[in-house]
Amino acid sequence: MSDLTPSVPAGFNTARVTSESPLVRWLLVAVALLFLVFILFLPLMAVFIEAFRRGVGAYLAALKEPDALAAIRLTLTVAALAVGFNIVVGLAGAWAIAKFHFRGKQLLLTLINLPFSVSPVISGLVFVLLFGAGGVLGPWLATNGIEIIFALPGIVLATTFVTFPFVAQQLVPLMQAQGTQEEETALSLGATGWRTFCTVTLPNVKWGLLYGVLLCNARAMGEFGAVAVVSGHIRGLTNTMPLHVEILYNEYNFVAAFAVASLLALLALVTLVLKALLEWRFHDAIAAGVNR
Amino acid sequence: MTVGGLVIRKNRSVIPGFGITLGIAITGLSLVVLIPLAVLIMKAAGVGPAEFWRIATSPRTLAALRLSFSAAFIAAGVNAVFGLLVAWVLVRYRFPGRSILDAAVDLPIALPTAVAGISLAVIYSPNGWVGSLLAPFDIKIAYTPLAVVLALIFVGLPFVVRTVQPVLEESEKEIEEASALLGASRLRTVFTVVLPVISPALLTGFALAFARGVGEYGSVIFVAGNLPFVSEIAPLLIVIRLEEYDYAGASVIAAVMLAVSFIVLMLISAVQTWNRRRLGYV
Amino acid sequence: MSVSVTVEGIEKEFGVYPALRGASLTIDGGELVAILGPSGSGKTTLLRVVAGLEQPDKGRVLFDDLDASTLSLRERRIGFVFQHYALFRHMTVLDNIAFGLRARPRRYRPSSDEIERRALELLDLVQLSGFEKRYPAQLSGGQRQRVALARALAIKPRVLLLDEPFGALDAKVRKELRRWLREFHDQTGHTTLFVTHDQDEAFELADRVAILNEGRVEQVGTPRAILEKPASPFVADFVEGTGRSTVRGSVQGDTDHDHRTASVSILRRMPAGTI
């Protein structure tokens, strides 16, 4: 428009020309709503309703069960380790990609995003092939008494693989958009590289980093397929929460299964809320990754 | 020599840390991603072409691959239609609860697949919420391929919606006005002017949902029935082979799946490049 | 088509923001009229109301004697050229131009050969023959401008409306296209209304100029009439400096010589046949 006409307030339908008739609109909204309720909300509701089917007492008892507690502990540990690793590598990779020019940048990016395209089961398979009893390093590990598969390290590795791209994917576009000027200024003022990183770069990317960590964590805690392959399903030892849910369900212990599942569902909801909050408040400070 | 502090000489810049950060990144990448994948490729290739072909085309493998690919295709197709609808409604209309719905679209990504899996099982099993309603009509959902499709619809929805949404948001109102002024009906405007512009994004979303669906495990196995040749998905077959210590078998199937994902991704990339060139976007 | 356009007392509010407060204007068939005014004066809104893209709160638009509110957007047959052309990027130049013809209901639609023929004819008219298979991304700004014009003309519009037609072009192209548009108009004779904030452009191109301020038409007249007798202090202020590349100072206080020079300099800028 040539005028500086202020943007029309929302709800104003000046666009009679560029919109569907009200009837069509309401119809489309209704269909979309029905679809979403059926596909999304139904499963979500089912988790909580089934969890409380025998009342609050049974619900709490299921959660206090030692194996359940062990599963929760393991999940938290694995997530912390995987997310921690991915933060370090993600920051390093994003720094290298965003602040420098070098050949193979695009290749590096593609490789970093590779785990997104790999089935979770395959993500676990690769580690079994490497560290499993019949795997490449299997015999060597056995003679040295090192357990990777069917133990914590294997689970951490598989989870790290699956969640590898999340942090880097948020940081790279963000740091690229922010450029190198501030860092160069700091350096020219005499700061060391490390100090520059901590006091200039990190604060600039903190919201993007937080966003990436949020997504990374949600996936790390909830990962099932990859962990199922490497864990051996040993109750109380190598069961993460999702695996524990599987075991309980297969034993027809539905209430307990859904009780543990409800914790994971709560985690998902909290993740969604935080995600929406971060997007709303800090959308300029967050890059929109391919998978939001 | 530097201009503005940046690279003139290869990789030398005012900013320090190139070596170490690149080193960390590549080391991490190799340890966790590249080497394991390489081992898989080696294992799969190591069986030799003849054996590879035999395993890949054995009846059970083919059935599993067929199920995974076709269910993923159908689910992605359904998501393309309804995902487009959801994106349209979220972008163009204002109604109460819109922002909650917008956030909720990400649920399948945030929710652990096992949780989704047991939920779907409980809903669609014969004495479940929906299953019991349909049982009198002799319609079974759980433990059939249909259940696999439903699970994959759940899993793939965000990929379509989130890919189409930003493109719809950027769609210029003026081309719709121009179209209307030229005499086109609203229907024609939507189908010949608006949708063609977002169709590459829709295709990308479809492909992403498809790729995700092919590899999906947790949401499917509780509700699929897992009968060989009938309702057994490829990822499950990989797990079964592993439990049998048939590493070679598992690797071959995995390699086939990876190859398909790779091809799909290449196709997406090609479509996006072609389209960008045609429409003149940077 | 030389249809006359009558705008009567148009009022339009966007929420609490009054874009138009009773704008009236009469345009004779075949005229080329400029709507001129500062930002926020309502000129684009006025154009959009005439086009039918906005519905006025009060007032009406007449084409000859026909009340436009009785017409659907298609029936209005408005040729509109947007400031940024709004070409269909995924369609070739030919398909863009043919769009309006193909969009007609089957009953009124010419055969596809006929449609193609007409589109090529229009392409020739805007001097872009040979470009039919190109995509908008492959065209320069001036070329896109002309494709947009051809596209608008394809539906044989009653009126041609142009929103800041040269706003998105650089100065040199702008000057050439101005000349081109005037010749084009003389050749084809459509009733044409264009919006601009550029006084020189308005005064150079138009048969008559309507000056808008804060949602009202302050004055309508030939460029010379406006310069000689500004209807209000706002108009006088606004057009000060227009067409005065050879003369300084107000028209009123000039000597005869200066006055004649001023007139001559204006006349020199004006296309023949408008005095």
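Think of it as A, B and C in the order they're written, each chain with its own count starting at 1.
The rule is short, and it goes like this: contacts are C-beta pairs under 8 Å (C-beta built on N, C-alpha and C of every residue); 3 or more make two chains touch, one makes a residue touch a chain.
What you see is a predicted model, and the numbers here were worked out from it, not measured in a lab.
Among the chains, the centre nearest to the mean of all shown protein C-alpha atoms is found for B. Just count the C-beta contacts per chain pair and the biggest one is A-B. Here the spacing of chain A and chain B, counted between their Cα centres, is 16 Å. In terms of their C-alpha centroids, the spacing between chain A and chain C amounts to 54 Å.
Chain centres here are Cα averages; for chain B and chain C they lie 49 Å apart. Across the assembly, chain B contributes residues 177, 180 that each touch 2 or more other chains.
Residue positions of chain A touching 2 or more other chains, listed in rising order: 17.
In chain C, the residues that touch at least two other chains are 52-53, 73.
Within the complex, the chain C residues that touch chain B are 51-53, 73-74, 76-80, 82, 84, 86-90, 99-100, 103-104, 135-138, 151-152, 154-155.
Taken in their complex, chain B has these residues touching chain A: 4-7, 10-11, 13-18, 20-26, 28-29, 32-37, 39-40, 43, 82, 85-86, 88-90, 92-95, 99, 101-123, 129-130, 153-154, 157-159, 162, 166, 173, 176-177, 180, 186, 189-190, 208, 211, 214-218, 222, 235-236, 238-239, 242, 245, 247, 250-251, 254, 257-258, 261-262, 265. Chain A makes touch with chain B in their complex at residues 10-11, 15, 17-21, 25, 28-29, 31-33, 35-36, 39-44, 46-47, 50, 85, 88-89, 91-93, 95-96, 99-102, 108, 111-112, 114-115, 117-122, 125-130, 132-136, 157, 160-161, 164, 180, 183-184, 187-188, 192-193, 197, 218, 221-225, 228-229, 241-243, 245-246, 249, 254, 257-258, 261, 264-265, 268-269, 271-273, 275-276, 288, 290-292.
Within the complex formed with chain C, the chain B residues making contact are 172, 174-175, 177-185, 188, 193, 196-197, 278-280.
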